[in-house]
Every structure is written in structure tokens, then in C-alpha cells.
Amino acid sequence: MGRFETPALADLPDDVRERIETETEEAGFTPNVFSAFAYKPSHFRAFFEYHDAIIDDAAIERAEIEMLIVTVSGINDCLYCVVAHGALLRIYSGRPKLADQLATNHRSADLTERRRAMLDFAELLTESPGDVDDAAVAALREAGFSDEQVWDIATVVAYYNLSNRLATVADMRPNEEFYTLGRGE
Amino acid sequence: MGRFETPALADLPDDVRERIETETEEAGFTPNVFSAFAYKPSHFRAFFEYHDAIIDDAAIERAEIEMLIVTVSGINDCLYCVVAHGALLRIYSGRPKLADQLATNHRSADLTERRRAMLDFAELLTESPGDVDDAAVAALREAGFSDEQVWDIATVVAYYNLSNRLATVADMRPNEEFYTLGRGE
Amino acid sequence: MGRFETPALADLPDDVRERIETETEEAGFTPNVFSAFAYKPSHFRAFFEYHDAIIDDAAIERAEIEMLIVTVSGINDCLYCVVAHGALLRIYSGRPKLADQLATNHRSADLTERRRAMLDFAELLTESPGDVDDAAVAALREAGFSDEQVWDIATVVAYYNLSNRLATVADMRPNEEFYTLGRGE
Amino acid sequence: MGRFETPALADLPDDVRERIETETEEAGFTPNVFSAFAYKPSHFRAFFEYHDAIIDDAAIERAEIEMLIVTVSGINDCLYCVVAHGALLRIYSGRPKLADQLATNHRSADLTERRRAMLDFAELLTESPGDVDDAAVAALREAGFSDEQVWDIATVVAYYNLSNRLATVADMRPNEEFYTLGRGE
Amino acid sequence: MGRFETPALADLPDDVRERIETETEEAGFTPNVFSAFAYKPSHFRAFFEYHDAIIDDAAIERAEIEMLIVTVSGINDCLYCVVAHGALLRIYSGRPKLADQLATNHRSADLTERRRAMLDFAELLTESPGDVDDAAVAALREAGFSDEQVWDIATVVAYYNLSNRLATVADMRPNEEFYTLGRGE
Amino acid sequence: MGRFETPALADLPDDVRERIETETEEAGFTPNVFSAFAYKPSHFRAFFEYHDAIIDDAAIERAEIEMLIVTVSGINDCLYCVVAHGALLRIYSGRPKLADQLATNHRSADLTERRRAMLDFAELLTESPGDVDDAAVAALREAGFSDEQVWDIATVVAYYNLSNRLATVADMRPNEEFYTLGRGE
């Protein structure tokens, strides 16, 4: 799958193989992002370590993280991220339609003013990073976000601007499971 | 400095403080990116671990890595990255004018066809990630890059699309030293 | 629903009410586009008459029409059209993942060269109508499309550039059913 | 004329031929849009039926409709629509310079605040349909437009986003007469 | 007229007043660009001296100069330049429809390949000056332009990128005469 | 150097040669813009006459002129102008870091509100000249600029939109001296 050939599971370094096995057990299938990054184990480790730090030490809610990811990935036209994190967003938010709404246009989702401000900022930081200035950051704070929350929002947006680009260059494709996960009531 | 208040060096976790001390010793000053990321130690660790993996396990030359960084950061209007990595590019390439050329317009630099192709790809992946397709990747391969080199080029571009956004949101400013480092003969 | 208040079914002109009743019977629910356009019956008639002409007298396949619609609506960020026609595309193509792929990025879908050319043209005509010239039309013909097929492709793209704009201004929201229709095997 | 070959008048279905004859009589020449659409009679009927509904059942003035069309067509670089509707705008508004002003830049025309708001909205809905939100619609209402007028403005903009694209793909050229009609005092 | 108040003719320095009188005599009216620039005589002199040098020492035809101006001014949405130079283009080319075509979309004008290449280059240099590279200049040369002609084309495009911006900031409006000049047979 | 062959100094008209000799004496080297424009003496004269008028009869400070030039040239990706005027800006402002800041992103420079407004206007007039309207000009006046200062700001921006385009087409390269001039304390 994709543009880079990944070694067989058995040929991977132990820590990489073990992470893949754990993920597979948890999800019931191996999300393709793990197979794709196994192409280069040193990058595999760094990529997922950063990912884990963002998730594990977050001042914003997990559902908000996934809202940011789906919005950013929609803007960057990244199929893997829209579909895989669309599934996660449905699961963490309990709102089965929210992912399709944010991937298409966050203006067409029913959002609190706070979250609308968060996603407006995500859009600006993704599309025109050089235009972010004091006023843009102040708008987040006025919407009620603390300093650390602003940092975390920026980090999620920035990290998925990385992920989207790598997923597209590697031509990662979402596992079939992601397309339907969390769509039921 | 910047939009987030960083704790005093003494109040940081040991590993973070030690990394900062090492960097300070090597550079003769503390590059501001280290002070800025100390705002959130868990992210500090992940950010620099990824950075180190990119540098330490690279199939492209260090000067090429810095060429990519300066080109991408110029497109994203990121002052910290243009100036700090401009200094590194001058040092690693031994070409004191190259950084200003790439930060402004890589079409106005004297480049081999191979490196022109590399920077054309960096521009496309930065500005229009969704437009990267087989033809864009094939152009890199035709310019002589191996699979792993394509992966590394994509990773550097992607990682600095992350860094540029965080540096801008945090309003990181380049240390004075970076403006002039490597400009002499 | 939406930004314009629609009269009750009973207060609508007979032909409009009958069309809505037929659609409701066929679909098992009333697609919201019908309720929304009932706001202005003269426009309701014209809008659906054009729609019917496009569907009933088409030189391209129904699945291709829906591929065009989903691609165009994704570019124009139109939630109603992406979700409602995503459902139709899943049904008419028998490919449950195709809609999410095209809505996000047609470059990440597995397409014949002929259909890739069709969707490249749709993207150009949507984003930069003034840039369409002899070369752009010739590319479609080289991909194997007849004159009438070129006309029909252009018409579908043009008509959904109309629909997307009206759906967004009216803030039409997709019926819940559309989100999941056709996703099963 | 154009990229699609149109049958001779005599070979057209009666209703299509009659419409063309009526238009020819009224205008003193056959506007090329009628000849061009005769390529596909089913679409001819639908296209002009929608057009007629917009004109015949409008809550905004005819001159305003033509102002919208010329502004939208200028943004979409559509020669046929700029020149043909430029003539109509001169006639309906009695202002011989207004069409050239709007086709180039509505900011350089002398407009009431109400009409400036109308054309600002037309520009936004044409260039960035996904950015239209409550605030954009509210601006129209604050400028004094009723609900139905908002709908009609949106419809004219949307319909000419369709027309512009078809005219460009078909390479329709304005009749010579349109270039000068209504320019005298 | 416009955003800057211009002194009365009698209060202007002799050379400026004389130039205005000469132009008025030749045209039969005072083109507003002369009155507007009289705001600042030192700039008046420099602006028209450059203009005269471009016209008097040109390696391309006068009609080609006006074709470039109208195309560039259309892209930059400059009303004064589109209308005033539209009149000049009609006069110098003897083609009464050409100005409206180029102001709207040079792809919809009947042009030799040579002139199509010239206007494609003008569009690129106006919209994305940083993207001009060896390939863009080579395309002009392959279309048959000499070195000096390339220089002159670039100069006309560059000079009207200046003029368009000043005319817009000063809110210069075209004299009524320009709207109709040269439209007759 | 560059894309146009320049005659030897001895073969130039006296006034052109003398200007070049004066500039060489003053700078200690011949700035390449003089050699490049010598390609066409009539344009050489006009270009520098306009330049001199802007500098000699300015209602804004010289450092402000150079701030505008560096900002505009950064947006237009013009290497010659960024580097040569970067040197002048360092000299005239006495702030050795300001040029790199403005060339990258004026939002990352420490500026008074007045100058931030000036550079925001420069950005708008460079990127979207057709969007300049009463509100944009009023913002300059509210920031404290007089009418003549607004004119001068507009003129500097417009003139460097000309210069940037010519420098890029001619492939002018900055003299080595400019890269380091004014960087010391």
C-alpha cells in the first residue's frame, strides 16, 4: 500500500513491531498509518511519540482534538486523516454526523461559539500561517481558552499539517473499517 | 519573549534543562526555540526527538535539509525559522548568500537541476498539499532521488510546516546571533 | 430548517406538493432540498426541471454524474451536496468508499485515466472558470469523451456550482439518512 | 461558432425554434446564447425556463439583476456574459457607464450602500461559496434586503455561476450588437 | 475628482500646465490621469517621462502595447486604465471589440499564437511575479520575440502594475469620452 | 549577469555612463541595477528619474520608504530588491535586524501602530490592488498619515511593484556587498 514499501512485521525492530501489535489488538485491525511509518523506524518512533504527547498531556478535550484534526485535514485534502480521524471524532464526540460536517465546512456544523472560534483559528493557521498575529490569538482567548489551551490547539493544528503532508506523499489509504466506524447510533 | 511564559531554567525537569544547557554550550547562546518549547516539557521532548531523528537518520545531505527548511519557512513567512536556519544553511553549505536567496525565491538561486526539483517539490507540498500526486513524486525520482530520499524530503517539509506554525503562534523571535552567523567568508 | 421559512406542505401549489410527495415516497423520507426550494415555487419548478433534464438526457453514466457532483461540492465546501450526493454515489457506483474519497481529494481515489481526466476538468472549471481554454477541452476529448459527453460534464459541473451556492446560502442540512445510506456492503 | 456544433434552425424542435424566432424578433438579431444552447434541446428548455423564472418572479429590480450578473461574470472572466448583460444593464439602468464599471471593479462604481452590500455579497458567494455564513447573510439584511430579496440575489449569483461556466466551455462569443447597445445617451 | 485634491490649472508649474494643455488639445478633453497626477508635480513629470520613453522607444507595436495594458489592467481590476486604454486599443488596433475581450479574458479573444504567448506572459508576471523563470522567458522567445521585445513587454507590464495601483488609490475615474471612443466602425 | 546583455561602460551615452560612475563612487561598487538598466538607455533615464523624484520629494521618512520597499519586495519574491534595499533599510533605520523581519513577515517586527498600518496597506495594495477602497485609505489616515503621505506611500508601493517585476524578468542579482552592509553594530 502506498508509495513506500514497508518491511514485513517480522523484520521490524521489536519496539516498532510491539507498538503495531498493541494498536492492532486495540483497534481490531492495523491502522495503515502504522504500517506506512514502519518504512523508517526512527521516524516511526518520533512521529508516534509526538502524537502520544499531544494526546496524553492535553488541556483540551479529546473530542476537541479530533474536531481540530478533521477540520485541518479537510482543508489539506488528506484522505487518510479525514477518514481515520472522522471515525475517532464520531466515537469521542458521540455525534455521528459531526465528522462529515467538519471535513466539508465547519461553518455548516452546529457548534458553540467557543468551538467555532477554535476552528476559525485552525483554518487561519492552516491556510495562512503568516497571517496569525496578536488579534488572531486574542480571539481565541476571548472565546475562553487558557494559555495552555491555545498552545495545545496550535500544536494539534501544526502536527496535522505535518501528518497530512506525509500521508499524502506516502499515499496512505484509510482502512475500510474507518469509513463506517461510529456511524451507528 | 513570545506569547507563552516560560519557566526559569532551574524550574525545568532535569532532561529538559540538560538539553538546553548542552545546546547553549554548543552554540554559545541559547537558541530561543529551546526556551519557547520549555513552556510544555512533554511537547519539548517530542518536538526535539523528532527533530533529532530527522537530522541523525537522513538520506539527504545536511545542507540539503537546511535548504528545504529555509525555502519552506520563507513560503510560510516564519521569521524565527528563516533567520535561525538561514544561519545553519550558511554554515553547512559554506555559501553565505544561499539562505537569503532561498528565503526570498528559490528560482533566483544558482542550483543544480536536482536541487531545483527538490525545492519545487517543497514549494508544492507546502502550498498545495492536496495537489501532490504520482506525477509530482515521479519528478523527484527522475531528478535522481531514491525512495528514502523522497521520504526524507517530504518529512523535512512536513516537519517545518509544523515548526513554522508553532513558531508563529508562539511569536518566537530569532536570537541576534543568527542574523549574522556564517555571513563572513 | 435553514435560513428561509418554508410553507407547510398543505399550503404549497399542487404540482410542488405532488413532486415532494413522490420524492418522499421513493426515498422513504423528504430530502431537505425539496423542502428548502418550496420557499419559492417558481424557482422550485425551474431548479428541478433543469435537474431532471440533466439526469434524464445524459450521455455519461449516472455514477459519473454523481462523481462529478461530489467532487465539485467538496471543492465548494457544500455540506448538503457532499452528503446527499455522497449517498447517491455510493448507491449508483456500488463503491461504498468512493464518495468520501472524491469529497476529500479525487487524486486519492482509484480511478481510470478517463475519469481522472473528467474530475481534473471539473476541478479546473469549478476553481478557475476563466482558465478553461482549447487545451483543457482537448484533454477531455483525448481521454475519450465525445462532444456531447463534454457538454454534459460541463453542465453537471456548472449546475452544481449553482446548487452548492444556493444550498450554502439557504443553510440546507442533509437529512440524517444520507449520512449512512449505501455504506453497507 | 463555439466548441459545439449547433443544428440548423429548421432542424430544431418546434418549441426551441419558436423561442429563437421570438428572441430574434425582439432583439433584432439572434443572441448567440440561444444558438449555442440549441445544441441540446432538453438543456435549452431547462436553461431558459430557469432564466425566465428568475426574471419573471423577482423581488429585486431588473437593473439590480443585471448589476449582479455583470459583477459575477466579470469575476468569472466570462466574455459572453459580461458583454451581453453589459448591454442589458446599460438599457435597464439608463446608466451607460455602469456596466464597464461593474465588470472591472464594483468598488469603482458610484453605488448606494445598499447596492454596494449586494455586490460585496455577490463577490463573496462567487469567489468563496464556503465562506458564506450567518454574518454574510446578516450584512445583506442590515442593508435593507428582505428574505425573498436575499433568496433572489443568491439565485441570480448562483445561476450566473452556472451560465458563466457553460458559456466559457462552449466558447460562446457575444454578438457584435451587444458591444455598443445602450452606450449612447 | 478622486481622493487627492488637485490645484487649479493656473496654479501649476509651467511645464506641467503646458503638458496638460497639449494633451487637452490633442484629445479634445483632459484625460483625468493628467489632472490627478498634477497633485504632485515632481511625480507628474517622472510618471509621464517614463510613459513617454516606453511609447517613443518601443520594439513592439503600439497596438501590442495597448493589448498588454488592457490585459494587465483587467487582472488588476483598474477601472481608469481598462476604460482609457480600452479606447486607445480600439483606435490603434482598428478592432472595436478587442478591448472588451482582453479586459475580460484574453483566452476569449482571437489572437495569433505569438500574441497569446505575450498575454500569457503578461498574466503570469502580473499575478505571480516570483514565478517567472527561465522557462517563462524562453516561451516568449520561442513565440518569436527578440530580446529587446521581451524587455519592452516586461516594462509595459511592470509600468502598468505601477499605474493600476496609483489609479486605484487615487480613485481616478475615466472621462466619459473614453467609454465610447473607437467603438464605431 | 542577468537575461539581457548590457553594453560596456564605454559604449554607453554620456549621461548614463556618468550616472553609473557617480553611483559607483558613492557606493564603492556599481549596484547591479544600474548595469542592468543600461541595456536600454531611454528606460534607464526614466526609471532612475522616477526613483529620484520619489526619494527627493518625499513626505515620509527615508527609513519608511525602505521599510515599504523591503516589505513589498518580500511579497513579490524579488531577490535583488530584498537584498539591496535590505542593506539600505539597515543603514537608514539603524536597526540591523529590521530588513530580515520585514522581508519575511512584517507582523513579526516590532513596529509602532502607525507603521504597522502603513505596511498592512502596502501588503493589500501589492497583493489585491482591486480591493483598495475608501475604508483602506481611511485606515491610513486614521493612523496619522496626511494626504501627501498617503500618496507617497502608494507611490513607493506602486513603483516597487514595477521594479520587482523588471528585476525578476531581467534576473538581476544583488551585489555581494548588499548581503552584509549595515549588519554590524
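Letters A, B, C, D, E and F mark the chains in the order given here, with residues in each chain numbered from 1 onward.
The rule is short, and it goes like this: contacts are C-beta pairs under 8 Å (C-beta built on N, C-alpha and C of every residue); 3 or more make two chains touch, one makes a residue touch a chain.
According to UniProt, the chain labels map to these proteins: A, B, C, D, E, F = Peroxidase-related enzyme.
Not measured: the values here are computed from a predicted model.
Asks: Among the other chains, which touch chain A and chain B together?
Replies: C, F
Asks: What chain lies farthest away from chain D once each centre is taken as the mean of the Cα atoms?
Replies: B
Asks: Please state whether A-F or C-D has more C-beta contact pairs across its interface.
Replies: Counting C-beta pairs in contact, C-D comes out ahead.
Asks: Please identify which chain has its centre, taken as the mean of its CA atoms, farthest from the centre of chain A.
Replies: Chain E.
Asks: Rounded to the nearest whole Å, what is the centre-to-centre distance of chain D and chain F, using the mean of the C-alpha atoms as each centre?
Replies: 43
Asks: Could you please state the distance in Å, as a whole number, between where the Cα atoms of chain B are centred and where those of chain F are centred?
Replies: A distance of 29 Å separates the two centres.
Asks: Averaged over CA atoms, how far is the centre of chain A from the centre of chain E? Could you give it in whole Å?
Replies: 50
Asks: Where does chain A touch two or more other chains at once, residue-wise?
Replies: Answer for chain A, listing residues that touch two or more other chains: 77-78, 105, 107, 130, 132, 168.
Asks: Classify the chain contact graph as line, ring, star, complete or other.
Replies: Topology of the interface graph: other, matching no listed pattern.
Asks: According to the definition already given, which pairs of chains are in contact?
Replies: Chain pairs that touch: A-B, A-C, A-D, A-F, B-C, B-E, B-F, C-D, C-E, D-E, D-F, E-F.
Asks: In the complex, go through chain A and note every residue touching chain C.
Replies: Where chain A meets chain C, its residues are 74, 77-80, 82-83, 86, 96-97, 100-101, 103-105, 107-108, 168, 171, 173-174, 176, 179-180, 183-184.
Asks: Across the complex, what residues on chain B touch chain C?
Replies: So the residues of chain B touching chain C come out as 130-133.
Asks: Mind pulling up the chain B residues that touch chain A in the complex?
Replies: Touch residues, chain B against chain A: 3-5, 39-40, 42-43, 45-47, 49-50, 52-54, 56-57, 76-78, 125, 129-130, 132, 137, 147-148, 150-151, 154-155, 157-159, 161-166, 168-170.
Asks: Along chain C, where are the residues that touch chain B in the complex?
Replies: Checking each residue of chain C against chain B gives 105, 107.
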